[in-house]
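Lettered A, B, C and D in written order, each chain numbered from 1.
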Amino acid sequence: MQSKAGYLLGKFIELVLTLFVVSLLVFAAFSIIPGDAARVMLGPDATDAQVQLLRSQMGLDKPLVVRYFSWIAGVFTFNPGTSYAYNMGVGELIAQRLPVTLGMSAIAMIMVILISYPLAVLSSRKPGRLGDQVCSVIGHVLFAIPPYVASLLLILLAGSVFKLMTVGTYVSPRENFISYIGCLLLPSFAIALPKIAMSFKFLRSSIIEQNSKDYVRTSKSHGLSDLKILVRHVLPNSNVSSITIISIILSDILGGSLIVEQVFNLPGLGRLLLSAISRRDFPLLSGIVFYLALITVLLYFISDIASSLADPRIRLK
Amino acid sequence: MARHIHIVKVHHLTLSFPTRKDPDPKPVLDDVDFGIRDGEILGLIGNSGCGKTMTSLAIAGLLPDNARITHGSIKFAGKDLLAMKPKDRRAMLGKDIGMIFQEPSTALDPLMTIGKQLEEVLTAHKENTQSGEDRLKAVTDMLELVGFTNAEEILGRYPHQLSGGQRQRVLIAGAALLKPRLLICDEPTSSLDTVTTVSILALLKELCQKLRITILFISHDLSAVRGFCDRVMVMKDGKIIDKDTTSDILSNPRNAYTAELLTNARLDTRILGLEPANVDYSASPVLTARDITAGYGRSLFERVRKTSEEKTDNNVLHGVSLDVYPNEILGLIGGSGSGKTTLIRSLLGLLPHEGAVSIKSASVGAIFQDPVSCLNPAHTIKWHMSEALRSSPKDPGKGFKGRAKALKRIITVLEECGLGAKYLNRRPNELSGGQRQRIAIAMCLIQEPALIVADEPFSSLDASSSAELLKLMTDINRERHTAFLLITHNIHIVRQICPRIIVMDEGRICEEGTTAEVLTNPRSECTAALLEAERRIHGI
Amino acid sequence: MNRFITKTIAVATVAAIGLTVMTGCGKKTDANNYAVVGITQEPGIFDPHTVVAAGDEEIIFNIYEGLYKFDAQGKLNPCLATDVEISSDASVYTFTIREGVKFHDGSELDANDVVYSLKRAAGLLDNQDGTALVAELDPIESVSVTSDGRVEVKLEVSNCELLSYFTTGIIPEGYDNCQAAPVGTGPFKFESYNPGQSVILVKNENYWQKGLPYLDKVTFKVCADMDAGLTELSNGSIDIFPYLMKDRADQLDPAKFNVLSNGSNMVQIFALNNSVEPLNDVRVRQAMNYAISRKDIISVTMDGAGVELTTAMSPAMGSYYDTSLDGTFDQDIEKAKSLLAEAGYDNGFDITCTVPSSYLVHVNTAVELASELKAIGINMEIKQVDWATWLDEVYAGRHYDTTVICLTSTYAPFDVVGRYESNASGNFINYSNAQVDELLNKIPMVSDESERTELYHQVLALLTEDACSVYIQDPTTITAVSTRLEGYNVYPMYVQDMSTVKLVEN
Amino acid sequence: MTRQSRKLRSPEASAFYIAGILLLGIVVAAFIVSLFWTPYAPDATDASSKLLAPCAEHPFGTDNFGRDVLSRVMAASKYTIFISAAGVAIALVLGTVSGIPAGYFGGFADRSIMLLGNSIMCFPGILLALVAVAVFGPSVANVIWALGLVFAPTFARVCRVGTMEIKELDYITHARVMGVKPARIMALHIFPNLVSQLLPATVIGLANMTLFESGMSYLGLGVQPPDASFGKMLSDAQAYIRTAPWLIVFPALMLVFYILGLYFISEGLRVSLSKGGK
């Protein structure tokens, strides 16, 4: 047990270090930007005195280190500054948009698992059969379609074939939860498509790989049925190796949602990000970037913890 | 001869792997016909790919999907196995037929405790309606039977927490749990060291007698069946070519192939007459090491931890001192984990260590165990030799003349090692293991070192390549007066060519002296144990 | 501050822009007496004196009112003032304040509120540093209440053209929280702002114009871009959507939507930096004017919905606009080539066009321009920058060769031409003509309307003669209005007047 | 060599190769031809023939500027190929230069390099590249640098893990015993053996980079108009999704061909390297 605690502690230190470097990267990126944030806000006709005033209001006249720490303190109290463009707390703005992005990512992830997992199990039963090969080829093609292209094609399909016009409307979950899920389905599917392919391919090869492991042969020699071997040995082992890939897929889905929101015109973090980019709203931009990275870092951390719980070998490391 | 009941009768079995392109390929098993008598230990010997594993899988009903039995039948205790449903055959496994395999390190599910995995054997068979407590007791008893004194503790462990020998015992326990009538052992000892091998074989023999289990023992090593199997079959290219009692086969092989298998197992007969140089022990040593203490940190490049507490935890070597004299072939033997490899890595400066190493030579050569990885697959032999030359103080320099000179020396050295200029542009993957080891030696020689450290150079080579390599080493020793520090677990070799040996155990030198003295009259327990294991395996 | 830009270049979001804004959703009340207006610019500022982008004014036009107010025809009408008396040298403006007007917070409007508001806008309050929040009101020297309760505004220099700036919003005396809680006298009260999604206004029951407004609630819903807005229109989730492109408007169901179009009083300009070689040569500038086809540009960028321009003013300015200049620069490649040759650029030259990336129409215009200029050997490279950089480098810094932008203005004609004075801060094309300078100095002193009009015509003629830049079009504003509503007026400026909108009775 | 080439010719692998090369070939052919000839100038606008459906004169139709879509698709392949190749080259150089020493020396250097790499990989998807371009301005050069930087950790990982495996092999130990300098060991002894691992990573990197680049161009932060790129063409075409679907179909097809072609080739490499390998 001690070694497991040590492992968790090590992972935690790694998490803190990574977050530190991530925050440095984000902060540095927005501190070395050419141009004076205060002047950008006030516009070209502002006097120097006005700019100076705003600079001190915004704390831009303080040394970098002080600004970094006050930013970090803000980030962890969910109040990393005020958006130039919206005149609102960055934390508040992000919180408003989170339901879209997270909801979409969650639905996409559920789709990925619900579709790829059974397919992979079926496909890996008889590798090389026609069904398996068809799945694999379709998987490759789906894998190569960027999410936003998939979105466009889905819109085209939904509009022209199914005569659906759900595109571009968004209903907040508080208003009508069913409609909220409904309006996120198509975009989620667009993000999920290539990831279904990725997850299918990985799970399939992972199951096939586990099937060829010696312990499967041992279990057979113990007289276990194929189904029992699949459920009790092969799937748990392939799940352990899938935890990491699932966290990577989740992070990809999060990244993919940034673009797909744009296509489907959903008010999520991606749109906020792009609006922040086009308005050079750096407090907002750095907030979004950092929180998205934070989510990913935590995802990886959780996946590490999960694998350590699932795999007794890791504790020894 | 008394009439024996055959528990398994394999009758003219022919098996092949047809594909769409080749519907009628050369059979993998060709008219295999034998019986396993109740209560005996039957050895099945042959090189890899000869079909011995397929034979065992055919009996167990675990053949790959694409295998087709085109002819013949298998009967188990009178029942025709091939006529049974796959489900029923699977149900026989564990209950009537147990199996253990070669690689104990991967044969257990890493995510499940030993107890649960063994319990599965019981729960898999429906007719077995024991209660949970009974099952636990059965498992614990069986673990005790296979030699665990702390069986209850083992139940809660995961496979990675056990050693290779312990895992093999767990597997044997699993296979024997329902007291099957037949136990198929597919190379159960080939990945274990000699001392463990001996104990596993003893365990199998004990089970055979105590539980009246019949054993089919598969091995590529004829010497392993000595003193273990009652009868032996020799298999080649899917056919059984020789079949008799063990003593008959070993003493009187009836065909060339069996004889070859036999000699392969006996390196000692081939290396008689090698003559190493005479050693002058009054000369100053070419290598002196004093109080070497070393261990592995997180990486090879990290300093050894300084705190005294951790030293005892991590260190593999504890104050080892040794001298290698000019001209000498010093043997270094010891069981696995005794610290031999750590010692030579420290001597070669590859590992941070405490203590002093002084080498009276501009360079030290080294050759290693694995002939596959000893050469860089990306480069030609010429590149290897030039690289060695370039790194040595003897480099004739750049420029056209220097290069021409270098090439000449490379060819000379290659020829000295029994290879010629035609090898210059070959790549490592075009050479055999023995040839690669020679290239490795040539790379050392071109640097003209006074000492070559050889770390188990024979362990992956077959007998004839080993013999040739040994001859090359003694020739070099005699003609170039190069000293060798030879690490090996093979006592015959040491006996033949090393005037002096050092025996290591648990990171310390436990015995040191002339070979004859140490081997005939061991003073320490570890030497005695090594000799005993060697004797039982090889019958010397 | 930034108001100057707001008024003068303010961002012509003629059409829709992918990047700036996001969509949202508004809540619908049970009653039908509401309207949802789609907007493509994120509203951000609700303080009438510090509005930055034109998009902000679109909404606060309904919340605040000034002493005077423009109507849909561009006419300046008295609003919170009942009349004004301007001294003969145009240095003192005296306003009579309307009685019986109530602020949204219930307080009565009086002269002190007006003084406070004007001082605040002109930067004259004690806690201000003297910089005008509304730059055009900078000439105000003092504001005071006369003995008879009127408000007297004294100017530093005489200016006949200042009346149109007294449209700036009036707020209660001492009130300084307009950003978070706007309080004005307009037909609608501020209810809530949900960034990136919507602004909700509700009916001002105490509005001084009896009978107005008709609607109980107006929601300004942020749409990502035109296409998003179009979708919402079709879904019925918005009722009014301005700034449509013609091809999109054509897709709408005429049974459900009325499509209104109007000039926008904007001037899309292909601005040439007059101090950069070779653009400092009038022949080169003329050649570029002749080389392009305004018709094709309008066809490509606006799907034909725009009015060709050859001078600095939109025809929406009525009599100030000089119709005699129409057709001056009809496309004539041969003439353009010979002009270039005359100027010594037989083989053309390379220039850069710096355009703000968020304005698709401008980017598209630049693309079309680059393609057309190739015909006379000019290689134009398009450099897209974000809006802040554009303001910094192009507008303020004037480090550029050419750019494409829309110039907007109020109805004050001086707004339109004032920037061409050599030292004007808005003269980002670095145009300099002594004659123009002289005329521009003279105009504010002339109180006679027709004389002023003549002077404006002279200025416009000079600008066209010098081909100071390439004027392209006055883009048409196309607005779709649901057939369930009526009374919507399209303003040729960047506002949405919701006070006259009502449900169709049936 | 014969052994090598035989190795690359398993039937499964060759099916992947053929499919991959065919698909990639379409895009590469379009790219090569576009260097010398396109049916129309890709940037030439023609207000009189805008939004034409595919016809004899314009096989892929025209866009809202009246530009020939075929010509633009051909021109776009140039940017796609160039950006992905240049970006991968940068990532490859950065990755090897940081990954091999990290794996070889281990310890503090390794942990620092990997910490930086992991931190970069913690930004989901194209976020980091987007931000980099947002900060430094959209241009082809910035896109290449940003993508190179974002992809470098992937290559660094491959190099690091490969190096850690290889450095334990006897031939590296041998080289160290012979006294070869670390820099030379890394460059001449280790690197050539990483090629077989870097090759599929490079091909897949090209594909992924194209995904990212086209995404950025779609958002308007990649290749800038009037230059054609698949992403930008698609985002412009979205407005005409119902009226002129050909504006979406052809760029989308070319983009998918390119990415899919690369995937197939990398899959072929993976199959043949894993089968023929050890």
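The rule we apply is simple: contacts are C-beta pairs under 8 Å (C-beta built on N, C-alpha and C of every residue); 3 or more make two chains touch, one makes a residue touch a chain.
Keep in mind that this is a model prediction, so the values were computed, not measured.
With steps allowed only between chains in touch, the distance from subunit B over to subunit C comes to 2. Distances between chain centres, each the mean of the C-alpha atoms, put B farthest from subunit A. Chain pairs B-D and A-C differ in how many C-beta pairs they share in contact, with the greater number at A-C.
Mean C-alpha position of subunit B lies 45 Å from that of subunit D. For the pair subunit A and subunit C, the distance between mean C-alpha positions equals 42 Å.
Computed from the mean C-alpha positions, the centre of subunit A lies at a distance of 22 Å from the centre of subunit D.
Here the CA centre of subunit A is 48 Å from the CA centre of subunit B. Of all residues in subunit B, none touches 2 or more other chains. Annotation for subunit A: residues touching 2 or more other chains are 262, 274, 277.
Shared interface positions of subunit C, defined as residues touching 2 or more other chains, are 18-19, 227, 357, 386, 389.
Listed by chain label, the pairs that touch are A-B, A-C, A-D, B-D, C-D.
Put simply, subunit A touches subunit C in their complex at residues 35, 39-40, 42-47, 49-50, 85-88, 93, 96-97, 165, 167-172, 175, 262, 265-267, 271-272, 274-275, 277-280. Across the interface of their complex, subunit D is touched by residues 18-19, 226-227, 247-248, 251, 293, 295-297, 299-300, 357, 363-364, 366-368, 370-372, 374, 382-386, 389 of subunit C.
The touching residues of subunit A, counted against subunit D in their complex, run 14, 17-18, 21-22, 25, 29-30, 32-33, 140-141, 143-149, 152-153, 155-156, 159-160, 251-252, 254-256, 258-259, 262-263, 273-274, 277, 285, 289, 292-293, 295-297, 300. The part of subunit D that touches subunit A in the complex is made up of residues 115-116, 118-120, 122-128, 130-132, 134-135, 207, 211, 214-215, 218-219, 221, 231, 234, 237-238, 241-242, 245, 248, 252, 255-256, 259-260, 263-264, 267.
On subunit C, the positions that touch subunit A within their shared complex are 1-2, 4-5, 18-25, 27, 42, 44-45, 52, 129, 131, 135, 179, 194-197, 223-225, 227-228, 231-232, 234-235, 237, 357-358, 386-389, 391-392, 395-397, 425.
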